[in-house]
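For reference, the structure I am asking about is given below.
Chain naming follows the written order as A, B, C and D, and within any one chain the residues start at number 1.
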Amino acid sequence: MISKISTFWYKGERIEGPLSQHPAFQGLIETQADLYDMQCDACYLDRMTYPSPDTGELVGLSFLPPRNAEDLQKRRIMMELWANRHHGFLGRSPDYMNTAIMALFTAADILEEHNPQYADNLRRYYAYCREHDITLSHAFIQPYASKLSGQNDDVEDSIAAKVVEINDKGMVISGAFMMATQGATCEEMLVFPTPSPTIFNNVNPSAFAFAVPNDLPGMAFICRESYGASSTYDHPLSARYEEMDTLVIFDRVLVPHDRIFYYGDEAYAGRLFGESHFHTHMAHQITTRYIVKTEFLLGLLESLADEQNVGLEPQMVLNVSKIITFLETFKALRLASEQGALHDKFGYLVPATSPLLASSILFPKFYPEMVEMIQILGSSGLIMIPSEMDFDSDTGHYLDQYLKGTTSEAYDRIALFRLAWELGASSFGGRQTQFERFFFGNAHTVAYRMYNSYEDHEQLRQLINDFIAKNNSAS
Amino acid sequence: MISKISTFWYKGERIEGPLSQHPAFQGLIETQADLYDMQCDACYLDRMTYPSPDTGELVGLSFLPPRNAEDLQKRRIMMELWANRHHGFLGRSPDYMNTAIMALFTAADILEEHNPQYADNLRRYYAYCREHDITLSHAFIQPYASKLSGQNDDVEDSIAAKVVEINDKGMVISGAFMMATQGATCEEMLVFPTPSPTIFNNVNPSAFAFAVPNDLPGMAFICRESYGASSTYDHPLSARYEEMDTLVIFDRVLVPHDRIFYYGDEAYAGRLFGESHFHTHMAHQITTRYIVKTEFLLGLLESLADEQNVGLEPQMVLNVSKIITFLETFKALRLASEQGALHDKFGYLVPATSPLLASSILFPKFYPEMVEMIQILGSSGLIMIPSEMDFDSDTGHYLDQYLKGTTSEAYDRIALFRLAWELGASSFGGRQTQFERFFFGNAHTVAYRMYNSYEDHEQLRQLINDFIAKNNSAS
Amino acid sequence: MISKISTFWYKGERIEGPLSQHPAFQGLIETQADLYDMQCDACYLDRMTYPSPDTGELVGLSFLPPRNAEDLQKRRIMMELWANRHHGFLGRSPDYMNTAIMALFTAADILEEHNPQYADNLRRYYAYCREHDITLSHAFIQPYASKLSGQNDDVEDSIAAKVVEINDKGMVISGAFMMATQGATCEEMLVFPTPSPTIFNNVNPSAFAFAVPNDLPGMAFICRESYGASSTYDHPLSARYEEMDTLVIFDRVLVPHDRIFYYGDEAYAGRLFGESHFHTHMAHQITTRYIVKTEFLLGLLESLADEQNVGLEPQMVLNVSKIITFLETFKALRLASEQGALHDKFGYLVPATSPLLASSILFPKFYPEMVEMIQILGSSGLIMIPSEMDFDSDTGHYLDQYLKGTTSEAYDRIALFRLAWELGASSFGGRQTQFERFFFGNAHTVAYRMYNSYEDHEQLRQLINDFIAKNNSAS
Amino acid sequence: MISKISTFWYKGERIEGPLSQHPAFQGLIETQADLYDMQCDACYLDRMTYPSPDTGELVGLSFLPPRNAEDLQKRRIMMELWANRHHGFLGRSPDYMNTAIMALFTAADILEEHNPQYADNLRRYYAYCREHDITLSHAFIQPYASKLSGQNDDVEDSIAAKVVEINDKGMVISGAFMMATQGATCEEMLVFPTPSPTIFNNVNPSAFAFAVPNDLPGMAFICRESYGASSTYDHPLSARYEEMDTLVIFDRVLVPHDRIFYYGDEAYAGRLFGESHFHTHMAHQITTRYIVKTEFLLGLLESLADEQNVGLEPQMVLNVSKIITFLETFKALRLASEQGALHDKFGYLVPATSPLLASSILFPKFYPEMVEMIQILGSSGLIMIPSEMDFDSDTGHYLDQYLKGTTSEAYDRIALFRLAWELGASSFGGRQTQFERFFFGNAHTVAYRMYNSYEDHEQLRQLINDFIAKNNSAS
């Protein structure tokens, strides 16, 4: 029998020392630390924290459940501050998962009828995260084979994630989850898969949600190859923003009873997402990130154009204007979501959904377009680029001489091209493009979400009917 | 010597009778009349009129110079009411030119230093239009040859539009202007060309703006071929919304002194447009029209899909969601322009420019895309379509039998396809697409407008500089 | 009871006089006559005809079933001559349907086992067409409701086309067919629908193919609105190339026994198309037409650019080079089809299918792209355009003066813009775009045809398998 | 004074040992060795070699100057064999530069009038390369600053590459060149920059072409960061096909007199390229590579689709058919270039240029499109992927269990996704996309090349003129 193993694996080896000193994690951990430090910085304190309703201590604003327009505005300002610090490159900036747990918290009431204990668990867990500023990750998606397997859940060798035992200490889970981004560098993991439908059982063992520390016995995080590096000159983005993705294994992991948010009744999977307006609260954070990232790319494109003295060429003006257009669009959509916010049945103020869905449809198409603009503008300058060590070497003087720009020094000029290269042609950039493309699901998933949320289908069909009826009678 | 001729020409013949009974104009004139009637309709009166500051009589809200948020909102509601009546197909709905003259009026003060008489003329002309609900058109663009010629303005055979004489009754103008849409069906014509630059003269004869009735001696309007027809069944759009385009000739037309808004100093061409925020006020009206037209196309696409039982196919859901996305976008951009409105130096509230420019960049690309969706969905149903008279003929029973839909009668079903055909494959539809594409200038013109109006170029370049500087020092 | 009506209907009225004098057909009939005259013209005779195998008289080369490379080349030259005469605007140039009947003829042998009489009918009908240079049209597609209905073929009120009676004179057909282009102006009609599948019957009444004159009792052709006009100045394309589309009704039409090509056994529908290489022979003709039409559009785009002095601007060079690229592509694909031609089991030489399918996938995408280039280049010049009668009128001298170009006269310049307008923004142009887009089926149909005809799917999958296997073993 | 340094630099350090054991070069060198071995392999010998005209020994067919159709065919077969071995991923497969030097050789005659010695040099150098199967690279492009500087060539601090001294041993060159791909792993370097134009000098010091070994004193190759790795499981492409790009420095490098191909007269730069049909011969090789690479991507896309059971979904069929369409297109264009080949004035058979230019316009657009298809199909499977060492570790059994496919083992399935990742989202893949996009210059450069080479501009304009003239006279 294979013995149970645990925790973090990189390139086939168990990581022994602290992650903060491991080259695959060091840069990100410093970046995250910097973000947390911001909250305590006197010049940000009032814009990034609020008094805990429990203790009166200052806690992070990203945990604030919005009850009025002012709350929404506070949240937006806080999210902008953080996003401006990481320029939109962190998909798992702390406000992302903090918003997730806040959203679920707002719908805790619906669990009362399911099991009051679960409602209580969710509320207390939310408070725990807020009070201790816990770094969360999430595990929602199961591997391909598990998804197929789920449909044969009673079959012996099913590999879908499920509860395999319940005892007096909690429930025991086995299964695997794809794509826990920052799974290794977080403190806790929110696990909330889409349950396989069940027909025969009264209790669906694949229907559950819970949160646990990420170092329980039986958990293993298998990392992908790191795309980061230590030189901020050579790898200006990945040296700071490389968020490791992990495959998470649960091999008979014991989840304590007080960490279970629902279990057995698959209806609560959809209800928790829907009635907490999970996707809408998240999209408010995401759209803010989109805006900041778009600004960074705009600045980069213009800097790159200036460096090559083509900033005012017609194609550049078309491209720059297009990015400004989308920047105005994302800002306007966020504004519309805030202006159109409505109170839900629990009294929380929820941004309007449709404008945020619009931004989540537009950005996955537009981001690769901006990257392509940078690729095309960067041209062969993204292919042959020396590195920092070359400047420090005996050949450095050649680089200084030959790679300078019209007004810039070679060292600064190449730094700009390295930035464009990391975004446009490196493994880090490739992963960013892929990540943005599928952030909220594939194009069809997001389209159906918009289609289903739109309420005027029938009214507009009627408009056409009436128009035609009027014509026919006029004729 | 060729004798001077006048007024309206269609297919080489001078139109003799009233335009309202001429098949090329009848449908449009009825539509315009209906729009004017709406304002007096009790159920719209308070949303479409306001008391004249001069007389207290109710006048059209499209003339209201906005001084506060409430004014902007009133304007938007009024524009929506009209647009919903013509479904966005009228580029020259009355609010369009009313907004134009209102915008110029708000900047009349700048003419005081030029010539107080001109400032007074502009103010009084605006009031005249408002009090009499004058139907205006405009003539801004000169033919290709005139534009070239303008650069040789002192050359004898120059054909650029210019003042050829000034006498005690007024100034005498000769020249030609392209594209006075609704030139024939309007009452008055605002003429405001881009002047040819002049170096030698103190007084630039091509620098002027004025307004005159459209039937002065020496004026001739040459119409293009009409794309309209009388049957609202066969031609559901053009039977109502065919706005005739005209070439306007000024052959020594006398413009009375009190109708001149500026003359001789070309600087006022740019200043009047710029300081009146002309394009911004217009774009507020235009974006409202975009929204309504997009809704009509969405309704049409969904109706057409339903008729063919493909409404839920993946590609349809993608297309429908894309249109909803753009609909949300145009709404959000309009909202952002209103929320970001600022008072100009004259005390008027001007919508934020950038969001409106964004919509004027997006729509010319997106409109042809929607039309293509309808073409592709309509398929051969846009090629072979019978007409109303076929249904009334001895072959009608065959059509009833063979052309019915799953649940619809053939007559209604074909009406829907005729609508799709007019939009997607007829001369009327072709002109609409071309019109929307170039409504505010070609892609380059609009892009430069956005590029130049954007204020954060330098700030974002600096963002990149700082980011790189931080990297370099960290390395 | 509704009495049976017959023949040609336009705008609800039965056409009484000769079509050649009816404005909706006159231009096309003259164009077709000119094409037929070409064959007899001494300077084309040897490139457009060959001696009939039956009589030795010269007959049209488009009827020649290719047996060797020289035959294919002769066919290509003949098709180019005709296409160059109509510049690719005639979808139903005589060689189109002549190729169709030739293709079916080559597979007549397969009908021997079905019914030797049918095989004989097909061979004799082909010879009849060849000897008399019959103008054919075809009716393949049934209306939407008929297609649905077909699946309930035994239901009493089924409206799918079918044989309703067989008697000693022939078989009696009822049903309707969409989209018989040139249905009215042809002499004979080839009818060959896709049969509804049948389960219960031994004899499928909807499975048949036949050809008949287009004026039999019980036939009615219902025309769409004509997009043509008589002035070749104002309507340079439609005055010549407006091919009327018709809906064809068969109301108990008697098809003589000797005109039936198959009946009752639906397997022969697929076999006749497949084993005659129908689509491949057609695509050889169509690709030739694509080439010639692309050349026309290239010339038009460059002429329009020159007229506006923008012929060497970067965007124009990109566009022109793109068209040249596709022109080279279509030429190369046709060459590849000829070079890769193989003999079929009957001894005929069939061009390679894949290159021709490639052209039929590329052109429907590329044609609208070229049209858009012309729309964008034409700009407002496609909106306000005077007509020939305006030049002849008292306002003509203004047009001469103001609408001239840098080096061109106004009359010639406007002629060019009218041509661009007809192609890019008129009902005729809209129908052409729609026609080209769906010429060979919609995008999915054509894609599946390519997917299914491609033979290397498995080999390329294996290539990847091998590549990976080699990697895995190397690691 | 800075002392002169030499040879190969990687990450700021001079490479000391053999490149073949350096991880940044090892994989490529093995791949190249394998390609050279192929030529000697009995089963390829007759398809890859021919008897040297000088010695009768077998030499590589890529050196064969084509004199007839059979030669062209032999060349094509040889190029296919090599391309199929490296699946099109090597931009510098030996046949690439061998074709380059062969092309220049064919035009050596034009140097006779310039300097018979140069003509002789070129011929003897070609023979030297052929007899010794020399691995060549090239240096054509100078850094941005050098290009600007070149226009001030007489200015003291000019950094454009130029001859700084001529002595009895040869000419001494200083300057830098971007983008010598495989600069380090080749044996010799062909240097042939675009000269700065000169007005005042009789002898232009920047006008020259020569070839030298890549290890002369004063040469330095500065490498970019390597994107390769050693595991063919984890990095199936870069482990074999990572072609290092280098910046080449010439710091007073002595070029022996017998290695100079032209000097001083800038006219010979253009003439040598033009009269040798350099781009055309190269494009014949490149198009062959395009075909093979496209096949690899098609196989990959289909394999990836099968692995996810979506191979027959409509969008997949559209994508697969699109790739097949382009595959047929590239094949047809190559065929057309061969069929249309003409003898040049020296008696060599040159493929037709236009079809090859068409392929060099299409592929840079189409390659990124294919990569995007793979990115979208790969979805999150290109984000979280374990590596070979993970399978070998204690967590391997989890991967075996959870990452398996419907019918495939996890290890094989992940190998496929790693391949898709390397192509679609890694630094290697990013560089490939960038490389293909700019292989033959940017889009404008390639478009102008096509525009200028096309000979029918005038004829097609005349076609339109004639068409219009006919209309006007008919009206």
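Criterion: a residue touches a chain if its C-beta (ideal position, glycine included) is under 8 Å from a C-beta of that chain, and two chains touch if they have at least 3 such contacts.
Which protein is which chain? UniProt says A, B, C, D = 4-hydroxyphenylacetate 3-hydroxylase.
Please read all numbers here as calculations on a predicted model, not as lab measurements.
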Distance-maximising chain from subunit D - centres being C-alpha averages: B
Residue-number overlap at the subunit A/subunit D interface, same or different (half cut): same
Magnitude of the superposing rotation for subunit B and subunit C (Cα, nearest 5°): 180
Separation of mean Cα positions, subunit D and subunit A [Å, integer]: 40
Approximate Å spacing (C-alpha centroids) for the pair subunit B, subunit D: 52
Of all residues in subunit D, the ones touching two or more other chains: 234, 314, 388, 443
Subunit B partner contacts - residues on subunit C that touch it in the complex: 2, 5, 9, 11-14, 141, 143-146, 148, 159, 176, 178-179, 220, 222, 224-225, 234, 245-247, 249, 251, 308, 368, 372, 375-376, 378-395, 397-399, 401-406, 424-427, 429-431, 433-435, 437-438, 442-443
Contacting residues of subunit C [partner subunit D, same complex]: 87, 231-234, 236, 239, 295-296, 298-300, 302-303, 306, 314, 317-318, 320-322, 324-326, 328-329, 331-333, 335-336, 339, 354-355, 357-358, 361-362, 388, 411-412, 415-416, 419, 443-444, 446-448, 450-451, 454, 456-457, 460-465, 467-468, 470-472, 474-475
